[in-house]
Amino acid sequence: MTTKERVLAQNKVAKLTDIGRLIKDGDSVAIGGAWLSSHPMALVRQLIRSGIRNLNVMTILGSVDIDMLVGAGCVDRLMFSFVSMEAYGLPPNFRRAIEKGELKYDEISGLAIIIGFEATGRGVPFLPYRGPFGSDYLNQRPDFYKKIVCPFTGEEMTAVPAIKPDVAIIHAQRADPAGNIQIEGTAGSDLELAKAARRVIVSVEEVVPTEVLRENPFKTKIPRIYVDMVIEQPFGAHPCSLVPGYVGDPWHMMTYMDMAAKPDTFKSYLDQYVMRSEDEYLEAAGGLKQMNLLKKLAREVKSL
Amino acid sequence: MSSYSDDYTPAEMVCVSVAREIEDGDILILGSFTPLAFVSYILAKVTHAPNMMYMAYSSVDAKPFPLTFATYEAAATKGGVARWNMTECIHSLYLGTGVDVEPISSIQADGHGNINISVVGDYHKPMLRGPGGAGAPEVVKMHRKMLGYFPSHNKRTLVPKVDFITGTRWKISNQERMKAGLRPGPVKLITNLAILTKEEEARPFRLTSVHPGVTVKDVVDNTGFELDVPGDVAQTEQPTREQIRILREQVDPYGMVAFDFMPGKERPAYLKGILEKELQALGR
Amino acid sequence: MSSYSDDYTPAEMVCVSVAREIEDGDILILGSFTPLAFVSYILAKVTHAPNMMYMAYSSVDAKPFPLTFATYEAAATKGGVARWNMTECIHSLYLGTGVDVEPISSIQADGHGNINISVVGDYHKPMLRGPGGAGAPEVVKMHRKMLGYFPSHNKRTLVPKVDFITGTRWKISNQERMKAGLRPGPVKLITNLAILTKEEEARPFRLTSVHPGVTVKDVVDNTGFELDVPGDVAQTEQPTREQIRILREQVDPYGMVAFDFMPGKERPAYLKGILEKELQALGR
Amino acid sequence: MTTKERVLAQNKVAKLTDIGRLIKDGDSVAIGGAWLSSHPMALVRQLIRSGIRNLNVMTILGSVDIDMLVGAGCVDRLMFSFVSMEAYGLPPNFRRAIEKGELKYDEISGLAIIIGFEATGRGVPFLPYRGPFGSDYLNQRPDFYKKIVCPFTGEEMTAVPAIKPDVAIIHAQRADPAGNIQIEGTAGSDLELAKAARRVIVSVEEVVPTEVLRENPFKTKIPRIYVDMVIEQPFGAHPCSLVPGYVGDPWHMMTYMDMAAKPDTFKSYLDQYVMRSEDEYLEAAGGLKQMNLLKKLAREVKSL
């Protein structure tokens, strides 16, 4: 949509199966969330279900989202600063694909990639920062990290270019039908992805009337002028966390790690969990009982 | 001294040593989940550094919490005084005001103050593809101290030259750092054997102290780069009884600190055990 | 046409003309308090542009409100859907996504698409020191349309060349604008006499329409720069009865819209009168 | 204070009369607020009371704060993008001083000055943006606006330098004793001023326990790591507004405009209102009855 169409559209609510209207084979897709938090997993599963191919995927701090897309063969090229399963180990499909030389990748340092997305939202073709001088990032991607001299102080800085994905996919707590998005918990750079991308799909735990957002406008982090499509998908980040709503699902993550360890068992993982409806996925992952446990774990945390 | 503990694990030794590098008034960040680092922050916060400020995920000035496996993020974000997303955090803290300490565990480190979390072997078809640098390039260059910690001090980890420089201290001596507009501060590597410190570009890491029960030869034999070994190497200060008590009773009730020190194959079973205890504590 | 009103003031004429420049789906900003502009936004919002999004001070997507003098800011910030401070606003809207319309009232404007809100006379010792540009340099250059409004169309205001270029449209024709990465859109000046439009660098402002009761000669005689006057100049569309009713009953119950059209000396008494009415409405 | 001292200090609460510890003659002082909103007027009055001189004052969108400081003879040099009394007319002292050639000034376009403050907080010596090409700002201040070419696209951009005031003074809704600051209403670029300045003084309507801030951390806009001194001063923005708490005081603003119209009556304004204690100022401005009216006006606003 153009910005004007986004501002005019008062009902952007669609079904999960509608995302194919906005994402096509070969698109560059920036994926929200960070660490093991808030990744748009229901959207990722839907992409895999749809059989999409040749994506140019971009992630700042990716995890199971990236590993799953790579393993399912959806990714032609990957831009990332970090892909990690953290305590669970290294991401099996990501490792395998790169170690076999089967995945083209652009490894960019974390701050540079964030600043690159940010540049687009600010309407500048580049932004300077005190870059990772002395690192091999500069040698590996001289087309991404360029030297720029401060015209006031003469200091040498690093310029990074504006990154412009075709699509951003994001998961968040709640939205109104017009696409105003509230983020309460761990917030990566989802706002910057939304500003940078031409098309923006946000799945949320709940769609609520705008009046609910007005009760605490300080939580609204992505205004409707940046959003094309809103999808209500409870537990849409599972098995990642969406605090303060629910924690990540360590039991499912361990199942994932076991099954992703080899290509054939990963194929079984996809069959058992992904290549079905999202409702069936949640049932297979433990259903209401498990989801309620993840909510309870998030709620009953202690401080010292 | 009677206040020192004789009952501690190698992991607790490293954890307490990292905590001692944190001063009251420091600014820290909890980012990617590294149990030992998180435990060391919280230990410092509830003991000698009560006023230090940390960012926990998006929570500015979060409250300290007992480290868990299922709920660390929810606990870390609880009770923050302000909220910053990652973009705000990097500009304010990494590039602006400046974080003091953020320990990094890497695949390789070398004697020049470089770390590698990217690849072992050929860049495009590596033997080992690591997770990538995330904020580490800035962490090791910009923060007041560069702090690396290593559960396994050996020549595969502490190498002559890293295969890929994911991050580097870049300017090391205090003069060179200040000339480049960076805050002065050393490079310290805290391992399961010893503490190594580098304060000059041209000089090798100094063997600052060896942990109780470790010999200088153990350290030199297991280090892949040259060390500056003083005639009389100090012994690393042991954890106090109070530190160990607080660690086990309050900060790390499930023993997450041992996690980094475990072979990869043993980790899933260990994590499952911790989860079982967490569920019990939840009254299930 | 019977739906047009014959009972309107010159200020209402200008206000309605500005409101007509606002399309549904536009993005607007309420910044410095300019009653006529605020009234025109709110009129558009409650009539033909219900979905337009405006930033009111720090409130994103604020609710429309009846314009008052004592409480406009509190009312404007009420019921926003999100909050942005000024820094976030300028990056997101002025420099990023792009505001569509934000009418500017300036001390001088000229035939080149320049405005002056800075100084009349010598820069360092001026005859008149104006308030300065604030966001106006970007407003006139970056926004989809450049919209100026002038309560007093005369040769002191519409001058051959402004004394200081506080802001300029810079690129004017749609081709030149797109070549420079800017959104295409015209320059329009809406005055108490007429509407002038400029769409090409090399051509003068065109006299698009004269308000009812105004002659082409009135406009030409009172304009300090060359005008392109078509053979048959249209009459500006009058306000409708509905627009005037909504203006007076809902959007501008105290007649703030007249404010800009008043000589400076009369303004304090007028404002005091409005305040008195506001206090009465408050039940005091 | 150093950052470490700021983090260590758990009680930064001081009295209005203590600000002389952090602001001296000749300092550069950035003043918070924007338009007629949230300016730190009690701090401004205290500066005038203290007889401070030769300040290098910086404001983005200034109003009565700037006019009063200029009229009281505190200002040697003024950096601004806008100084306006809006509906009340042009700022009398500001006009008079400049039209007589008695005030050195640096007029900077609004976005450039904000970006200049922002640069300091981000640790860069400059930031680029699509500058006010074609305007006379570029000719007037070639030392502030420099051409920079994007190393990726070749586009010509404008670089503005990092602005580094000695002190920032700000007024906000509430703080805890450690200096975490909540801003609820109209927010100028106070966070950027706080990050840019070496020393930061914040007056607030109320000092509350930290637990109160934790109830809605989304409102906390300036963390304690940027604050040196906190002063509790109810109605500290008067006669400016601090929504949603209170509206600006139009009656006082009209009095101000009348009395500031000429140097001798402005002298009387200072004597009657400013050169007394802050409590006496509020009494002279109408006392509790007037302040309650301003609160009531802010509370009882209508939407359409």
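Going in written order, the chains are labelled A, B, C and D, and every chain counts its residues from 1.
Convention: a contact is a pair of C-beta atoms (placed from the backbone, for glycine too) under 8 Å apart; a residue touches a chain by one contact, two chains touch by 3 or more.
Nothing here was measured: the structure is a model prediction, and the numbers come from that model.
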item	value
Chains contacting each of chain B and chain D, listed by label	A
Rounded Å distance between chain A and chain B, as computed from the means of their C-alpha atoms	27
Separation of chain B from chain C, taking each centre as the mean of its C-alpha atoms, in whole Å	58
Centroid distance [mean C-alpha coordinates] between chain D and chain A, Å	39
Multi-chain contact sites of chain C, meaning residues that touch two or more partners	79, 83, 95
Residues of chain D whose C-beta touches two or more other chains	122-124, 129-130, 155, 218, 221
Chain pairs that touch, as defined at the top of this document	A-B, A-C, A-D, B-D, C-D
Residues of chain D touching chain C in the complex	34-37, 60-61, 80-84, 86-87, 89-91, 94-95, 98-101, 107, 109-111, 114-115, 118, 129-130, 132-137, 140, 155, 183, 185-192, 221, 241, 243-244, 247-248, 250-251, 254, 257-258, 293, 296-304
Chain A-touching residues of chain B, taken from the complex the two chains share	31-35, 42, 46, 57-58, 63-66, 68-71, 73-75, 77-79, 83-87, 90, 94-95, 114, 118, 123-138, 141-142, 164-168, 170, 181, 250-251, 259, 264, 267-268, 271-272, 275, 278, 282, 284
Chain C residues within the chain A interface of the complex	23-27, 51-53, 59-61, 79-83, 91-92, 95-98, 100
In the complex with chain D, residue positions of chain A that touch it	122-130, 146-148, 150-153, 155, 157, 159, 161-162, 216, 218-219
Chain B-facing residues of chain D, complex	3-5, 7-8, 10, 121-124, 176, 180, 195, 210, 213-214, 217-218, 220-221, 223-226
